[in-house]
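Both complexes below contain subunit A, partnered by subunit B and then by subunit C.
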Partner chain A sequence: MSLAKVKTGIRYAMLALISALMVFPFIWMFLISIKPKNEIYSGSILPSAFHFENYLRVFTDTKMLLYLWNSIYVSLIIIAFQIITAIFAAYVFTVMRKKWVQFCFVLILATYMLPSAVTYIPSFILLSKVNLLDTHTGYILSEFISIFAIFFLRQSFMQVPKDVIDAAKLDGAGHLRLIFTVYIPYCKNAIASLVLITFIYSYNNYMWPSLLIKSEENMFVTIGLRRLFMSQAGYGMDFPLAMAACAISLLPMLILLAMASKRIIHSMANLYVNK
Partner chain B sequence: MSSITLKSLTKQYTEDKSTLDHISLEIKDKEFLVLLGPSGCGKSTLLRMIAGIEEITQGEVYIGDAYVNEVEPKDRGVAMVFQNYALYPHMTVFENMAYGLKIKKVKRAEREKRIKAAAEMLQIDSLLKRYPSQLSGGQKQRVAIGRAIVKEPKVFLMDEPLSNLDAKLRNEMRIEIKKLHERLDSTFIYVTHDQVEAVTLGDRIAIMAEGKFRQIGTPLEIIECPVDMFVASFISSPPINYVDAVLVNQQGRAFVDIDGVRVETSMPIDVVENHPRVVAGIRPEHCFITDETSNTFAMEVLFTEIIGTDVLLHLTYKGSDFIVKKSFTKTYEKGQKLYVGLDASNVNVFDKNTQKNVRSLS
Partner chain C sequence: MLTRINKNGKDNLWSLALLLPTLIPLVVFWIYPMIKTFHISFTDWNYISPDYNFVELENYKNLITDSFFAKVLKNTLVFTFFTVVPPILLGLYVAALLNKIKAFRHFFVATAFSSWITPTVVVSMVWVSIFDNDSGIINMIIKGIGLEPVKWLGGQTTAMIVVIIVTIWQYVGLAILLLTSSLAKLDPEVEKANALDGGRGLRKLMKITLPAISPILVFLFIFFTLNSLKAYDQIYILTQGGPSGATSTILYYFYVLAFEFYETGPASALAMIFLVICLLISALNFAVSKIMFKK
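Right, the complex of A and B next:
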């Protein structure tokens, strides 16, 4: 066996080990979700009987379906707004090399350095002034623009070769046409990654929505899951039910990942691998 | 009317250095101007400024009679073939060529007709559905030319458009570009490194160095009378031979004397008086091999290089290289002694200090 083969072997073994570590909590979650309640602390890994009805109970006994719907549709709206605003902002910051424009960019980036917790109180006061507390509109408004998205897209817009842009200008493309027929198609992989990142962030977001959203019918999955744990604390946790709910809450992300994984790998390779 | 006038055009990328330094030039309507110069002398920068995609630091550009400094690139009526192709990577070859036409609202049928004609001419009609990443360098280059052709612009700017083609295709394309120029009534500015291209295509050639024009003239003018040693070297391929010489006045006639070998030149006699010590530039094709031992140079063969039907004899003369080009009719051995004679009328002489052609100094 050659040295190269040994090296590849070691590399694969490492990757397999790390993957196993990553996947293990999810498998554990799934196993608990189908165990009978009394086997949770038994220490055996496989359940004695499979209780898939826990998954049905998530929909009948809890409001998970409503939470899921809230999370998904609000996240989708946020993605749309964040990406559209980021595309235009990134375009300006890529194309206009004037000093004051670049200064604005630095200023915007600087606000990204602020810990988000610092913004909770002023945002809360602002939203209360316009009567948007405990509404989806209020939440969407506060997540309308993502500085990370602007930064991320600017980085990938800068990769578009200057000559290609110049060629398009010579061909007669104006700003909008440049954006839609050159920048966006050129950066489609980066945008796909951004969609996924934005979705995960927004879907996972817990702290800020938990401050903002109070009423049951407006709740998101993250807050809902927490309520599921809290509400039963008194009578001994229904862990299998909670784990089934967790598993279901993962589904949208897994679906999205499956759809976009190819492009994401592509864009990561483009970002970090020197060609 | 699509003449181009540059008035004192200057480009500074950084404060302290001028990439283009007060360049002035008039290019006539329908003229084919070739820009020739070493890498980094500012050829691409000049084209980009004419196209309007590079900011002008100072000076004026006119296309026709219009002052275009402030005119958008798309409204200047120019098409450019970029040095590195600059194809749209996410569009097929066909879409690449159609992009500009769509924006100009050219009708679909007309679009397809033009693209088909250009693709046939450039021998890329079988590639129309491919993406640029699936093309070779030479194919990309032809697509880039095609994208410019279909726009039927008033002014063509071509930045080394044939540099990536093989010899045969390059010859074919050169002829196609020549035909294109005759057919289209457009003004061409064409950047190249290739002397053959420059001489065969150009109505005039502008030789650049370090952001300035050294000489602008017809191919004949530049070949016959290069203004300095830089131009003479640049336009000559294979490289020109330089040997120290003296000018002598022999009974009122001007002679170049190279180590006793004398050839007469048509130089005014006062130049001879003013520039006794010079460098003679002898082009490899203006020498001949002879059995005559008087008024010739004795040289030794270093090696030979066969180029098609010609042969380049690399010789040594007084320790430095000397190249003679002749048709390939005979083989020569390394170390063989030869006698080299000069064609009288074709010797240019340069001042030893200033490197300028003494004829232009008179």
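Right, the complex of A and C next:
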């Protein structure tokens, strides 16, 4: 065997080891989720048999389905608002060279650098004054725009070639027609990436929604899981149930990854690199 | 002349119409709250009572002299220090390995990357189970080799170690993804020419590879630093800031002050201090990028 082959072998072995460490928590989650509750203390890592009843218990004993539905539909609404507002704003910031427009852009840029936690107390009080605490409407309103999405789209709008725009203008296209027939079709890949990333971010978001949403029927997946987890803390943790619920919570991500893993990886990579 | 003014006015109207859906939420949920937080930080308001007094710099003074605040700052620094550099180094190592192989590359990146897109809440719950005193695999292994099991989340140092491990595990996924894709984009011609020149191994790494990917390294450094300063989810699930405050970081302390004790004034002062820290890091980022990447 040549030295080069040995080297390649070692590389694959190291990668396999690191990959194993990276996926281990997911494997562990699955193993615990198919064990009966008393078996997790038995000292053996593998379950004696597959016990899928924990997954049934997630649906009968918890409100996981409701959390999933809340998370998905609220995320979809937020995506729609954030992307539409970002398309309009990015268009104005790309084509209008007016002083006040540029001032608005600098203002948004400045806000982007500040941690959102600074806004939590007044936003919380504001929503409580208009009776929108603990409602999806209140949360959606507070997540109406994404400053990141505006930057991201502006970046790709600036890459639209000038002759394409001029040709459309010669055809007599106004602002709206330019947006819908030139910019959006030209940047559809960037917009698709943004949709995926906004969904993942919104589905995973925890701190701010957990401060707003307190009643069970309004909870999102992350908040509901945490409630499920903490409510047992005193009585000896029901890890199999919790891990089964965790596994179910990952289903939307798994479906997304199965459908578009290359695209997600590609857009995530570009997202951070091209800034 | 007249048509030009008209067009100008029209453009202004259009700009305003298209920007309003962004500007209104921006003012209501970003700019107004920031100013308001600044205002509240000078009062003794407690959220419930209808009136409040101006206490000038009292909240800031109390925070700075508060020993718990000092502890929180120290925890934040320790946590940030140990969660920023290790994932970048690990990511660099894996990316270098991946760059030299052909098969399964996408598979390796995808497995590593899952850690980054999984909700931190879920990730943390799984790790609580992994580090559980009686049923967790870590203590199973420790018992297996005949040692005393460790109460991971019960000890001050070990709890911090667990929080750091979980965070590194999550960050590594992003580091691997970004570094692999930027190494793959390196110009193969430059690499070849350099190899002919006799530049190999460490010298090649220092002279060619690292400078070429330095924008990504700087980005990861700043991104992880800001992310670690803002860490909350994993701390809330894993330790709730305990035991006895050993894993409380700035943002966690802010949460406790503002939303458990309703000490709105002090919490706002803490938020303003946090804001200044984040601004300093952003400024540092800006300065470093200016110096390193000026062309």
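We adopt the following convention: the second predicted complex is superposed on the first by the 225 of 275 C-alpha atoms of A that agree within 3 Å, B and C clash if a C-alpha of one lies under 4 Å from a C-alpha of the other, contacts with A are read in each partner's own complex, and residues count from 1 in each chain.
Basically, a contact is a pair of C-beta atoms (placed from the backbone, for glycine too) under 8 Å apart; a residue touches a chain by one contact, two chains touch by 3 or more.
A quick note: this is a predicted structure, and the numbers were derived from the prediction, not measured.
J.: Contacts for A:I108 in the overlay, against subunit B (first) and subunit C (second): which applies, first, second, both or neither?
T.: A:I108: touches subunit C, not subunit B.
J.: Return the chain, subunit B or subunit C, that is in touch with more residues of subunit A.
T.: Counting contacted residues of subunit A, the larger count belongs to C.
J.: Name the contact category of A:R11: first (subunit B only), second (subunit C only), both, or neither.
T.: Once the two structures are laid over each other on A, A:R11 reaches subunit C alone.
J.: Let me test your reading of the model: by the given contact rule, A:E53 touches which partner, first (subunit B), second (subunit C), both or neither?
T.: neither
J.: Scan A:P161 for contacts with subunit B and subunit C and give back first, second, both or neither.
T.: A:P161 sits against subunit B, while subunit C stays out of touch.
J.: Applying the touch criterion given at the start, work out whether A:F26 contacts subunit B, subunit C, both or neither, answering first, second, both or neither.
T.: A:F26 sits against subunit C, while subunit B stays out of touch.
J.: State whether A:K262 touches subunit B only (first), subunit C only (second), both chains, or neither.
T.: A:K262 contacts subunit C only, not subunit B.
J.: Let me test your reading of the model: by the given contact rule, A:Y186 touches which partner, first (subunit B), second (subunit C), both or neither?
T.: A:Y186 contacts subunit B only, not subunit C.
J.: Give me the intersection of subunit A's contacts with subunit B and its contacts with subunit C, in residue numbers.
T.: Correct list for subunit A: none, the interfaces share no residue.
J.: Using the touch definition from the top, list the residues of subunit A that touch subunit B in their complex.
T.: 161, 163-164, 166-173, 177, 181-182, 185-186, 188
J.: Quick one: which bits of subunit C touch subunit A in the complex? Just the residue numbers, please.
T.: Residues of subunit C touching subunit A: 11-12, 14-15, 18-19, 21-23, 25-26, 28-34, 36-37, 40, 47, 90, 94, 97-98, 100-101, 104, 106, 108-123, 125-130, 132, 134-135, 137, 140, 143, 169, 172-174, 177-178, 181-182, 216, 219, 223, 226, 229-230, 232-233, 236-237, 251, 254-255, 258-259, 264, 267-268, 271-272, 274-275, 278-279, 282.
J.: What residues on subunit A touch subunit C, complex-wise?
T.: 8, 11-12, 14-15, 18-19, 21-23, 25-26, 28-29, 32, 40-41, 43, 45, 84-86, 88-89, 91-92, 96, 98, 101, 104, 107-108, 111, 113-115, 117-126, 141-142, 144-145, 147, 150, 175, 200, 203-204, 206-207, 211, 221-222, 225-226, 229, 237, 239, 242-243, 246, 249-250, 253, 257, 261-262, 264-265, 268-269, 272-273, 275
J.: So in the complex, the part of subunit B that touches subunit A is made up of which residues?
T.: 48, 51-53, 72-74, 78-80, 82-91, 99-100, 103-104, 147, 151
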